[in-house]
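Below you'll find a set of structures to go through.
Look at the two complexes coming up: chain A is in both, with chain B in one and chain C in the other.
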Partner chain A sequence: MTSTTTDFPFPPHHSFPPFYTLQPVLSTRTSQLASWSHLIQAYCRHHRLFQLSLRDAADGPLFYNRALGRRLSLKDAREVVEWMASKEGGERAEWVGDKERDRFWVWWRRPEEWAGVIAAWVEATGQKNTVLTLYELTESDATASQEFHGMDPELLQRSLQILVKRGKAQIFGSDDSLGVKFF
Partner chain B sequence: MGNAASSNKISAQDKAILDLKNQRDKLHQYQKRITVITARETDIAKQCLARGDKQRALLALRRKKYQETLLEKTDAQLAQLEILTSDVEFALVQKDVLFGLQQGTVVLKQIHKEMGGLEAVERLMGESAEAQAYQREVSEMLAGQMSNQDEDEVEDELDALEAEVTGVKTKLPDAPTQALPEGAQKATEETPRERARRRTRDQESSQPAEPMLA
Partner chain C sequence: MSTPHRIPGLSAFSRTQITAAQYASHGRTLQETHASSLQTQLAVFQSLLHQFAVTHAKDIRSNPTFRAEFARMCNAIGVDPLASSHTARGAGGKEAGGSFWSQMLGGSVNDFYFELAVRVVEVCRDTRAENGGLVAVAEVRQRVQKGRGVGGGMEVSDDDILRAVKSLEPLGSGFTILNLGHKQMIRSVPKELNTDQSTVLEAIQVLGHVTLSMLRINLNWERPRAIAVIDDLMADSLVWVDKQADETEYWSPTFIHDTGGQ
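Right after this comes the complex of A and B.
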């Protein structure tokens, strides 16, 4: 369930050659970075990707437009991610492991936002005060129609931790068979 | 629900439910695996047939069949687990309901105690009835000072006020346009005074019959 079969409709600027070279003028550059950020988020949302690896994605359709013969260089891509992770970029990305700077989370929905989505679902389905397994939350048939179905387990844990901090949930059980109870 | 004190804690029951549900998840995963295996065996059988290796195709199909029986068995087990889980969850709800009922009963009893028992209520009701009777007597004494005519006038005024408030004008009947037959006309001409006189006459005429019997 990590990818959908339909193709992602790339926006027109994806076929615009200068898009692949970071612009020197600050205002142009900012709007370009914003466009990239938006594109990466939309792409990941479409394919339900939660993490990207720059090296893997470098040859993928996102950063490499084969029809155009243009690609975003690794260095520039890294800069885009840096910008996304910054306050200015709305913290829409986060490096996985600080040193490598290769894999990164793409927050097309931030963990807090996911927490809200899950809490709303629990509320709507009347499952407060019931025990649910983490597996069941993302893999069972009951959540097949939900956006968090097939969600990255690590991200799920992070989102649930936010609910725990707010006192709306409690996680318990052993490592590989965790459960959560919502309040 | 009722268990306010323990609502933010994980109880032993919760852990038991989690164990059940984890078991169920494991069965789910197992089923997924078997489904993948059966699909693969079918593929293998197809490939073998394409190569003309009937024996191997048969073998693959047999394996697939066996996996499918396993799948059926796990389905039954899964159902068992889910039933048990639901039962446990329902029992917990029942426990909460019981707790709620207990609390309610305690409060109800407390309120009853505050009301001071049945005798007190009876006494109070008696006193209240007495007071009401006294009040009625007072009203009667006060009302007695008014003549019937005064009462009538008061009531007429009330009617008039009511008509004014509701906006409904008392509609008088239309005067008859046709001449009435002879006998009827006479009867209507009888004034209340005449009627009273006629009644006394009737009474007098029927009265003497009784003393004669005595």
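Right after this comes the complex of A and C.
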């Protein structure tokens, strides 16, 4: 990843000890889950992460506040992700592989939102009806200032598929050298 | 006072009565002149205040410190800027009714407070799930200042927030100002706290958090009493639990946003 890692400004919740204990009272817990969801999305957006692994992130600054000596347990973190993935949580996460429940997509933008962003960029730069490679889209200098620069290839494919379905793009080529044409 | 027959030997007494009456009437005259002169002074002062308010309307609206000073001045001479001071209760009219602010400034300052009140209500509602409807005045100020969306922020002081909350009173909104320790809080859920609950919340404001044994030792409470109070507070989202401490700790969510002043 090319992202320049400046420090992520953690929200005040992050240094509030009870934030790391899932609250037993339902209304409090809902607000807490929402705050966690916000935090995870903002953190991933800042570091341009598209997926997280709970096990890998367990000791990272997101779930573990070393200074405070508090961490969100694996079990509780799973519940946070489950909530994010639910309708109530706005479907802001999705497990990668249902069984394991370890890796998950963090939708700080959902695939359809990404599709919109890409389509808008194509429109704005007058590149309709030209052929672009997928590699170009996310890795070339031309997109360096775009949010989708450096995007996870799988996510890119998913987003483009949405445009394909809407009849706004066509993907061709094979595995290594995929190209896309926008209409 | 119809005493037809005189009782002899009491003339001296009636004389003192007369003197007393004379003193009293003289006193009254003095008082009246004094009062009327005061009234004139007050009238002069009020008209000056009016003039001042009109000339400085813009500053009053835009500058929170200036506004606070002006409000303090009004309070000092017994004018409550927000209460409708001149007209009969229940009129609620637009032109004639209006508060001191609106009469002085054509409503804009008045509107300022009502607009602010709306923001305060919004903040309280947005954060209610997190804090159970108890939020520090300073936090509300920060949130209002930050605003939402483009150009949403308002330049306000704590004093403005308090005034805005007060302006909600006639609506029976249930918004009240509560003093907890050194902090002023806005309570937006019209539910009374009992003495035990207030005591615990106050202790949390001072100490940062409490544990059951802290309550037992410092307040001499039996364990069941302490548990009951904590459970009640938790049920109302007024307290969050931290189970990762040595002994389970209970914190107030108002600390989440407490960044020490600013």
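Quick note on the criterion: the second predicted complex is superposed on the first by the 180 of 183 C-alpha atoms of A that agree within 3 Å, B and C clash if a C-alpha of one lies under 4 Å from a C-alpha of the other, contacts with A are read in each partner's own complex, and residues count from 1 in each chain.
What we mean here is this: a contact is a pair of C-beta atoms (placed from the backbone, for glycine too) under 8 Å apart; a residue touches a chain by one contact, two chains touch by 3 or more.
Keep in mind it's a predicted model, so treat the numbers as computed, not measured.
Q: Judging by the criteria at the top, classify the pair chain B and chain C on chain A as clash or fit.
A: fit
Q: Considering only the touch criterion stated at the top, classify A:Gln23 as touching first (chain B), second (chain C), both, or neither.
A: Only chain C; A:Gln23 stays clear of chain B.
Q: Have a look at where A:Glu112 lands relative to chain B and chain C in the superposition and call it first, second, both or neither.
A: A:Glu112 contacts neither chain B nor chain C.
Q: Once chain A of both complexes is superposed, is A:Val131 in touch with chain B (first), chain C (second), both, or neither?
A: First partner only.
Q: Where does A:Gln170 make contact in the superposed view: on chain B (first), on chain C (second), on both, or on neither?
A: first
Q: With the two complexes superposed on chain A, say which partner A:Asp102 touches: chain B (first), chain C (second), both, or neither.
A: Once the two structures are laid over each other on A, A:Asp102 reaches no partner at all.
Q: Tell me which partner A:Ser31 touches in the superposition: chain B (first), chain C (second), both or neither.
A: The second partner, chain C, only.
Q: Thinking of the overlay built on chain A, is A:Ser140 touched by chain B (first), by chain C (second), by both, or by neither?
A: first
Q: Going by the contact rule set out at the top, does A:Lys181 touch chain B (first), chain C (second), both, or neither?
A: first
Q: If you've got the overlay open, could you tell me the nearest Cα approach between chain B and chain C in whole angstrom?
A: 39
Q: Do any residues of chain A touch both chain B and chain C, and if so, which are they?
A: Looking at chain A, the two contact sets are disjoint.
Q: Mind listing the chain C positions that touch chain A in their complex?
A: Residues in contact with chain A: 129-130, 132, 209, 234-235, 237, 240-245, 249, 251, 253, 255-259.
Q: Name, in rising order, each residue of chain A that touches chain B in their complex.
A: 129-133, 135-136, 139-140, 167, 170, 172-173, 177, 179, 181, 183
Q: Can you list the residues on chain A that touch chain C in the complex?
A: Touching chain C from chain A are residues 12-13, 16-21, 23-25, 27-28, 30-32, 34-35, 69-71.
Q: Touching chain A in the complex: which residues of chain B?
A: 1, 7-10, 14-15, 17-18, 21-22, 25, 28-29, 89
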